[in-house]
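Naming follows writing order (A, B and C), and every chain is counted from residue 1.
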Amino acid sequence: MTTMHSPALEVAPRPRRWPKPTLLIGLVLLLVLIFAALFPQALARYSPTDFDYQAILKGPSAAHPFGTDNFGRDILSRVIHGTRIDMQIAIFTTLFPFIFGTLLGALTGYLGRWSDAVVGRIADLVVVFPFLVLVIAIVAVLGPGLMNMYIAVSAVGWVSYWRLTRAEVMNQKKAEYAQAGRVLGYSPSRILLRHLLPNAVTPAIVYLMTDMSLGILLGASLGYLGLGAQPPTPEWGVMVADGKNFMATAWWISTFPGLALTLAGVTFSLIGDGLADALRPRA
Amino acid sequence: MHTSYVLRRLLQIIPLFLAVMVLVFTLVHLIPGDPVSTLLGDRATPDIVARANKELGLDKPLLVQFGLFVNQLLHGNLGESINLKIPVLRLIGERLPVTLFLTVYAAVLGVAMAVPLAMLAAVRRNTWVDAVIRAVFQVGLSLPVFYVALQLLTLLGARLGWFPIGGYGENFGEHLFHLFLPALTLGLNLAAILVRTLRNSIIEVLTAEYVDFARAKGLRGSVIMTRHVLRNALIATVTLLGLNIGALIGGAVITETVFAIPGVGRLMVDAIFGRDYPVIQGLTLMFALIVSLVFLATDLIHARLDPRAELS
Amino acid sequence: MTAPLLKVRDLNVRIPTPGGVLHAVRGVNFDLMPGEMLGLVGESGSGKSVTLRSLIRLHRPPIQMTGTVEYGGKNLLDSSESKLRDVRGGRISMIFQEPMSALNPVLTVGEQIGENLREHKGLRGKAAQDRAAELLDLTGIPSPRARLADYPHQFSGGMRQRAMIAIALASEPQLLLADEPTTALDVTIQDQILRLLLRLREEMHMSVILVTHDLGVVAQTCDRVAVMYGGRLVETAGVNDLFHAPKHAYTLGLMRSLPGAGEHRRPLQPIPGGPPDLRSLPPGCPFAPRCEYVTDDCRVGEPPLLEVAPGRFSACVHYSELPALKSTPEEVGV
């Protein structure tokens, strides 16, 4: 007798989801950026800050592929050394808002009621200020510099993470396993930290990547305006500002740091998209 | 749309704005050290500081100071610029129209770029056309506004001489001409923000069952696009524009600085470097008011365009 | 004998999916007579709605449709877009399962009828308004003139379905395609809508193809039934014949899963298992894995749809062994 063959009971082979090429490109670019940030000396041939009056305002050449600035500093070396500062900006403009916003979101999403209402009103208040305006207003009060910029961004940037996590926790709270946990007599803090938060943090992590590219842009914008990193720090935004008066005669001073900024922004947004795709709940 | 709805929404702004005033007041009073000494710099002798404190009411308790601050605000008094010696309200009155012109101009350019391209990408989704449009705007999203501004200024302004490299002009035509490059800069940034979300929401509309029903009714493609798809896309655009008003204002601050445009954005940056606290305070309040009014307007327009919104 | 209104021959629909091409409709043939009401029945995933939509070429690329759908001497599957548009929505109209998602939420019901009247009847302005109100009235919507200015979300579920029917009928079609028009409604409203369809068919001399998973609905309304399984027609018959004695094991299974069918009341017997995977069908009868009458003959090749009695077609190897249920449509009707 032939064996029963029931196609209806067989699960169709699920197509394997390889990471999209865009995510791979993003990850490769990220590795390059991390390497440049950790070991700039290995890549850069010149010091980022030493003046060389023999080579002032030289265009791109074999010796100086990105040219030199008005102090004879090698632009390529400065761009490479700038990686560390701008990566640091990407991390510190997002890490504190991420931690603070996520924890707060988990807490108010879980507790609900007045805590949620209070934080909600504060969030409403923060979002009526244009992000950049509030950040530069805070920097104006605290004074220019990277540290004060991080404080300012943290005071404003938590709202997105709070919203994402709060919504997710509220969804998860309704899900069965939280109910099950409660029946098993777990303490609320255990349910929150061990069961709800790890599941609810996914959207915040996806957003973290996109936010890093926004963070770099914001940090560089403040640097450009003179409110972020201060010269002679080789920060890319500061470097673009350094070259702005030479745009007509020495375009390379501003142009290459700007391209580096764009590349870093693209890197994080590619990874963010890739993560969003990979972590999306599967049907 | 009912007037009671509009009224209710307007009333909701009042407590919000009260909180905004508390926040701005607190912020300015967080300035480390003695603000008067900071303001006066070298000229600060103990005698002068004490007199200035008394004049400015800074010797009174904080709560009283806040009361005075609110009272002055209600009388339309935002104080006087320390550096320019002009009432802040008058400064805003002079500079705000420039910024409004710039942002509206930028929004028009941005929407004019974003909507057709988002539609094209949505209709040709998952083809190379879509891929190119998305890739270009993904890069566009990562281009810093100050950088685009600087490059456009150099290339189209200084080198080719097609456009003026700053200023505002005297009449409407000149405004359009002078602000073209700044508006283009901001508009490109806005388009980059819009295209992606707009593309996805248009795809959602295109694959909606009512589009199939419209096709089943034998309507021609152009009719379906304009009546059924575009109208829904418009609703999404309005909402997105409203949500991104903050980014637009932030971009205006930077663009005005790069292009030396006499608007409130540039005034803000100048005030920060000049430590002109009354101006910073007044502008921060004004920006918050603008954003909350834009949020309100977005809701109202949305309610007009989307009949379902009326219910909530 | 009169000529058929619609002739469907060797209709195939292939839907590319990430897991392979889904062959949703596999060589469907049938004729539809003028004035006839045909029920197209099957489980979800049997290909009945996909078939219905391909009759007016509603699928979009990358979905592929092959075969012929002959209407008025032309094959709708290869006529030009503009010729097709005259038929689509003009001579052949369609209504959908979920009026809430099939009606555009931001256009008034009046506007949505109006665009049909303009396209197919050349009516505009006042004339279009009047006709639209007439149509709403015809479908039993109270105070029709006032309701023209309302948006779909302001209608109740049943009224929304009536409004969609009014829109579809604006062009006075010869054929109405109805895709599960009552599934989303509760039972009393369902009954009203079916009666409305029957009345409109009489008044407007239409043919109707009614897609449903509910044999009760078929019993109440249709003249003839076509049963679909695994993307094929497995049985077609007049509605009385079908209910009296099904000639396909699958149809029999469907009937037995209905309450109150057959001469004796007995416990409901659901068909075990689920519908076949259309991306990888085994050789032989697609119903074989779930069939209680299955023998080795069933697995040799896919049985063709053959005429087993005058006007009756079946694709079942064991059609002659199946017991007669001796039920009538009236017993099963809702």
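The definition used in the following text is that contacts are C-beta pairs under 8 Å (C-beta built on N, C-alpha and C of every residue); 3 or more make two chains touch, one makes a residue touch a chain.
Just so you know, these numbers come straight off a predicted model, no measurement behind them.
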Chains adjacent to chain A and to chain C under the stated definition are B
Consider the two chain pairs A-B and B-C; indicate the one with the greater count of contacting C-beta pairs. A-B
Could you state the distance in Å from the CA-based centre of chain B to that of chain C? 53
Chain A and chain B: spacing of chain centres that average the CA atoms, whole Å: 23
The chain B residues in contact with chain A across the complex are 16, 19-20, 23, 27-28, 30-32, 138-139, 141-147, 150-151, 153-154, 158-159, 245-247, 249-251, 253-254, 257-258, 268-269, 271-273, 275, 280, 283-284, 287-288, 291-292, 295
Considering the complex alone, what residue numbers of chain B touch chain C? 208-210, 212-220, 223, 227-228, 231-232, 235, 305-308, 311
Which residues of chain C touch chain B once you look at their complex with the stated criterion? 53, 56, 58, 85-90, 93-94, 96, 98, 101-107, 115-116, 119-120, 151, 153-154, 164, 167-168, 171
What does chain A use to touch chain B in their complex? 121, 124-125, 127-134, 136-143, 213, 217, 220-221, 224-227, 237, 240-241, 244, 247-248, 251, 254-255, 258, 261-266, 269-270, 273
